[in-house]
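Every chain is named by a letter (A, B and C) in the order it is written, and numbering of its residues begins at 1.
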Amino acid sequence: MAAGRPQLTLAELAAAVAERSGGRLAAAIDGDGDRYIDAVAPLESAGPSHLTFLANVRYRNAVATTRAGAVVLTAADHAALQPATSVVVCEQPYAWFAFAAQVLNPVAQHTPGIDPTARIDPDAKIGADVWVGPGAVVEAGTDVGVGCRIEASSYVGSGVRIGANTRLYPGVRVLDECSLGARCVVHSGAVIGADGFGFAPFAGAWIKIPQTGRVIIGADVEIGANTTIDRGAIDDTIIEEGVKLDNLIQVGHNVRIGAHSALAACVGISGSTTIGKRCMIGGEVGIAGHLAICDDVVITGFSMVSRSITRPGVYSGGFPVEEANTWRRLVARFKRSDSLVTRLKRLERAAGAAPDQEEDDD
Amino acid sequence: MAAGRPQLTLAELAAAVAERSGGRLAAAIDGDGDRYIDAVAPLESAGPSHLTFLANVRYRNAVATTRAGAVVLTAADHAALQPATSVVVCEQPYAWFAFAAQVLNPVAQHTPGIDPTARIDPDAKIGADVWVGPGAVVEAGTDVGVGCRIEASSYVGSGVRIGANTRLYPGVRVLDECSLGARCVVHSGAVIGADGFGFAPFAGAWIKIPQTGRVIIGADVEIGANTTIDRGAIDDTIIEEGVKLDNLIQVGHNVRIGAHSALAACVGISGSTTIGKRCMIGGEVGIAGHLAICDDVVITGFSMVSRSITRPGVYSGGFPVEEANTWRRLVARFKRSDSLVTRLKRLERAAGAAPDQEEDDD
Amino acid sequence: MAAGRPQLTLAELAAAVAERSGGRLAAAIDGDGDRYIDAVAPLESAGPSHLTFLANVRYRNAVATTRAGAVVLTAADHAALQPATSVVVCEQPYAWFAFAAQVLNPVAQHTPGIDPTARIDPDAKIGADVWVGPGAVVEAGTDVGVGCRIEASSYVGSGVRIGANTRLYPGVRVLDECSLGARCVVHSGAVIGADGFGFAPFAGAWIKIPQTGRVIIGADVEIGANTTIDRGAIDDTIIEEGVKLDNLIQVGHNVRIGAHSALAACVGISGSTTIGKRCMIGGEVGIAGHLAICDDVVITGFSMVSRSITRPGVYSGGFPVEEANTWRRLVARFKRSDSLVTRLKRLERAAGAAPDQEEDDD
C-alpha cells in the first residue's frame, strides 16, 4: 500500500486538506511547514516524516515525547501538552487528520476492464471505467455506473442499479432489484437483498410470505464485511445517504436508517424499525421491530432497545462484568428483590409508615 | 419481480388460497369478488388493485381509510374497523395473506442447465431440471435432487445430498457429507458444515478434535444469509423439518433444533444443546451448551439462556435501555445491593425482627 | 470421511498418541490392548470398535454401561465408574482423546495443483504441493507457502503471505498485505483484512480514515466461518499464535489477541483493545474499545466488558432468563430501586440511624 505514496511538505498537506474539505477546515502550522510528510502514524511509533494526532485521551502523555514530524492538536491541547515537534493547530483535529490521511493514502486506481472469467449478462449496462473481477457475475437488466469496481466473485442480480464509483469488494452479493448510490463501499461477504424473515404460522408450520420489496441504499454509504441487509417484505428497506455500517450487522426487512447514522459491529435491527438521522449505535445493540428511534440518538454498546425513543440523547442498557463470584451474588440478590421489598414493607408497617402506593401496585 | 405477475379477481384469489392451503383456510368475501387484484401492499400505500392486511395492531386506524382493493381481516376486526373496501373475512388473516401473496408472486421459474463456468465433478449426480450457476462447484459423490438451483459461486462439497427443489442462493457453502431435505431455501453466505469449535487444552495450547459428524437438515427449512451451522464433533448436528433460521445465526456442533422452530437473527447456540419443536427464539438470544429446551418455548430477544428449560412458556432476560444517566445510577445501585441488604438487616435487628433465613445464607 | 480410516489396536493407538504428543501424554491400558479401534464415538452410541470418553459430567452414568471398545478416563473416574470395557487411564483424558481422534481421522491428503479456473497472478509465488481450487484468485506479490490449500472461490489479495500448510476453506477472503502463519485453518466466509470502522465526524457527515494497517496472524490459528478480522487503521491488527476463533466473531482494527486465547462464537471486540494470552471468552461477549484484558482471563458468555481487566480470574455479566412475568416484575423493581433506597433512608432516619455516606452520594 506504500507504493506510490505521495510526499508533501506539511504546508502542502495543509493546503490539500483545506481544498479537500471545501475550505471548511482551517489550520495554522506552528513549526516547520517545509518538513516532508509521507504517512500517518500512531503517537508512540511515529517518526520524523509522519503525521500523528491524539486518538484517545488516554494517550495524552505521549504527545510531549512523540518523535512524529507533526501532530494535529486543538489550540487548547497545543498549549497544554507542548509537543517538541511541529503542530497543526485546528478546531477539529480528528477530521483534519482524516482528510490528511486521505491525501497521503489515495485509493489505488483500478485498471478498467472486464476479467475474462466474469459473467456479464448481455442485457446488463456497464458504465465507462468499470472493473469487473474474476468470477464476478452481473445479471440482466442491471446498470453499473461509471467507475465502479465489482471485485472477484461478487454477484449482482438482475434489475440492480449501482451508482458511479461504488466499490464491491470480493465476495459481495447484491440480489435482484436492489440499488446502491454513488461512492458506496461494500466489504467482502456483505449480502444486500436476501429475503426478510417473514412467515405466517399455520397449522403447526410456517407459511412463507414472499419478500417482494427491495433494498434502496443512498450515496456514500459504507457497509461492513458479512453484514446482511434484508429486502423489504412489501415496501423497501432503506439506507439513507452517508450511513456507515460496520461488520456483521443485521438489518431486517422494511427497516429505514436515516442519513449519516453510524452503527458499530454486531448490531441487530428487527423488521420495520426506523432509525433517525445522525444516530450512533454501539456494538452488539439489539433493536426490536416496529419501533421508531428519532434523530440524534446515541445508544451505547450491548443495549437492548424494546421501545421507541422520541427524544435525542444517550441511552444505555448494559451491565459491566464483575468478578464471577461477585456477579453471582448480585444476580441472586436481584432475583430475590421481591423478598427485599416484603421486608421493607414489614418494617414500614411496624414503624407505622404508609408504604408507597407505587410499590403496592405490583 | 413484477414481470409476469398474475392478475386474478378477488374471488379467484380466494379459490387459489383455499386450494393452496389444502382447503384448510376458508374465507368469506364481503364486497366485490370481481375486483382484479394483482399485488399485495401495505395498508397506507395500497391502491385499488392491491390486497392488504393488518400487519400490526399499531396500524388499526389505517384500516378504515385504506385505499386498497381488498383487506383481509378477522370477523371481529371487520365489525370493529368497518373498512370502506372489500374484505376477506377469515379466522387467520395473516396465513391467508401469506398464501395470497404466494399466489400473486409465484417464484420465477429457472431455466434448467449447467453454466459452462460451473465445475461439476463427474462423480456427482445431478437430477433433472437442475440449474447450476456460474462458478458454482459440486464435488464428487454428491447427489443434487430434481429441480434444485445451485446459484452463482456456491460450493457443494463431496458426499452431500440435496433434496428436490432446494435452492442455494449465490455464495452458499455446504461442506462434505452434509445433507439438506427437499424444498429448502438457503440464503447467500450461509455456511453449512464448517468444523465445530472443538479443542482440548494441553500443555498451554489447544489440540484440535477432528469434527467428524455432519449437518443433517430436514425438508422445508429456510436458512438466512451468513448463518453458520457447524458439523457435529462425532454425532451429527440436526435441523428438523420446517425450521426457519434468520440471518447471522450460529448453530454449534451437535445442536438439534426441533421441527418448525423459528429463530430470529443473531442468535447463538452453543454445542450439544437441544431445542424442542415449535420454539420461537428472539433476536440476539444466546443459549449455552449442553442444555435442553423443551417444545413450545418462546424466548424473547436479547436473553441469555444458561439452564435447561423444561416447561413450555415465555422466557425473558433483557433490560430495556434507559437514558444513560438514569441507567448509570441504576447499575451503581445494583452493584451496591449488598449494602442495601446490610442496612435492612440492621433496621430489622433494631426493630427486633428476625432477619430472613434466605438472606442470611449468602 | 470414513474412507481410508486407519484401524489400529488399542495398544498401537496409545503408542501413536504418545508419539503425537511428544511423549508428554502417558497412559496405561487396563483391558484388551489388542482390540481393534477404528473410530471415536459418543458414550451412548459407541460400539465395540470405538473409543469414547466422558465429555461432560452429566454423562457419568453412561460410562458403566457403554458398549465402546475402550474409554479414556482419569484414574479416579476409572475407580469410581468401573466400566465393563477396556480403559485408557491417563491424567488428561480429553487431550488424549483429541490426539487419538486425530490419529483415527487423518486429514485427507489433497492433490496438489492449480484448478484451470483459478486465477493466479504471474507475480504471485506459489509453493510446492499447493492446491488452488476452482475460481480461487491469488493476486500479485503474494507468497503462498508449501502445502497450502486455497479452496474454491477463495480470494487472496496482493502482497499477502501465507505460511506453510495453511488451509483456506471455500469462500475465504484475505485482503491485501495481510499475513497468516503456518498450519492455520480458516473456515468458509471468513474475511481477513476488510477496512476497520474509522470515520471522523465533520460537518454532519463522516470522513473516512484510510485503513492502512494490516492483519498479522501467527501460526496454528483457527478462524471460524464468517468471522471478520479488520485491518489496522495505522498499526496492525494482530492475532498471536495458537489463537482459536469460533464463527461470526468480529475483531476490530488494531486489536491484539494474545497467544492461545480461545473465543467462542458471536464475540465482538471493538478497536484497539488488547486481549492477553490464554484467555477464554464465552459466546456473544462484547468488549469495548481501547481496553486491556490481561493474560489468563475467563469471561463467561453474554457479558459486556467496558473496563480493562488487570487480574486473572473469571468474570461474568449476564442475567439468566426467567419466566417472562417474573422477569417483567424484576425489571420493574430494578427500575424503581431509587424508591427503595428512599424508603430505606426514611426508615433509618425514623429509627435514628445515620444513613450510609456512600448511598447519600448519588
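One rule holds in what follows: a contact is a pair of C-beta atoms (placed from the backbone, for glycine too) under 8 Å apart; a residue touches a chain by one contact, two chains touch by 3 or more.
All values derive from a computational prediction rather than experimental measurement.
Peer 1: Quick one: how many steps at least from chain A to chain C, stepping chain to touching chain?
Peer 2: Contact-graph shortest path, chain A to chain C, evaluates to 1.
Peer 1: Quick one: compare the interface residues of chain B with those of chain C and tell me same or different, with half as the dividing line.
Peer 2: different
Peer 1: How far is the middle of chain B from the middle of chain C, if each middle is the mean of its Cα atoms, in Å?
Peer 2: 26
Peer 1: Could you pull out the residues of chain C that touch at least 2 other chains?
Peer 2: Correct list: 117, 135, 153, 171, 189, 226, 248, 266, 284, 319-320, 322, 334, 340, 344, 347, 351.
Peer 1: If you look only at chain B, which of its residues touch chain A in the complex?
Peer 2: On the chain B side, the touching residues are 1, 21, 24-25, 39-42, 45, 55-56, 58, 92, 94-95, 97-99, 101-102, 104-105, 107, 115, 117, 133-135, 151-153, 169-171, 185, 187-189, 220, 222, 224-226, 242, 244, 246-248, 260, 262, 264-266, 278, 283-284, 301-302, 318-324, 327-328, 331, 334-335, 337-338, 340-341, 344, 347-348, 351, 353, 355-356, 358-359, 362.
Peer 1: Please name which positions on chain B make contact with chain C in the complex.
Peer 2: Touching chain C from chain B are residues 117, 119, 135, 137, 153, 155, 157, 159, 171, 173, 175-177, 189, 191, 194-195, 197, 199-210, 212, 226, 228, 230, 234-235, 248, 250, 252, 266, 268, 270, 272, 284, 286, 288, 290, 298-300, 303-307, 309, 313-317, 319-320, 322, 329-330, 332-334, 336, 339-340, 343-344, 346-347, 350-351.
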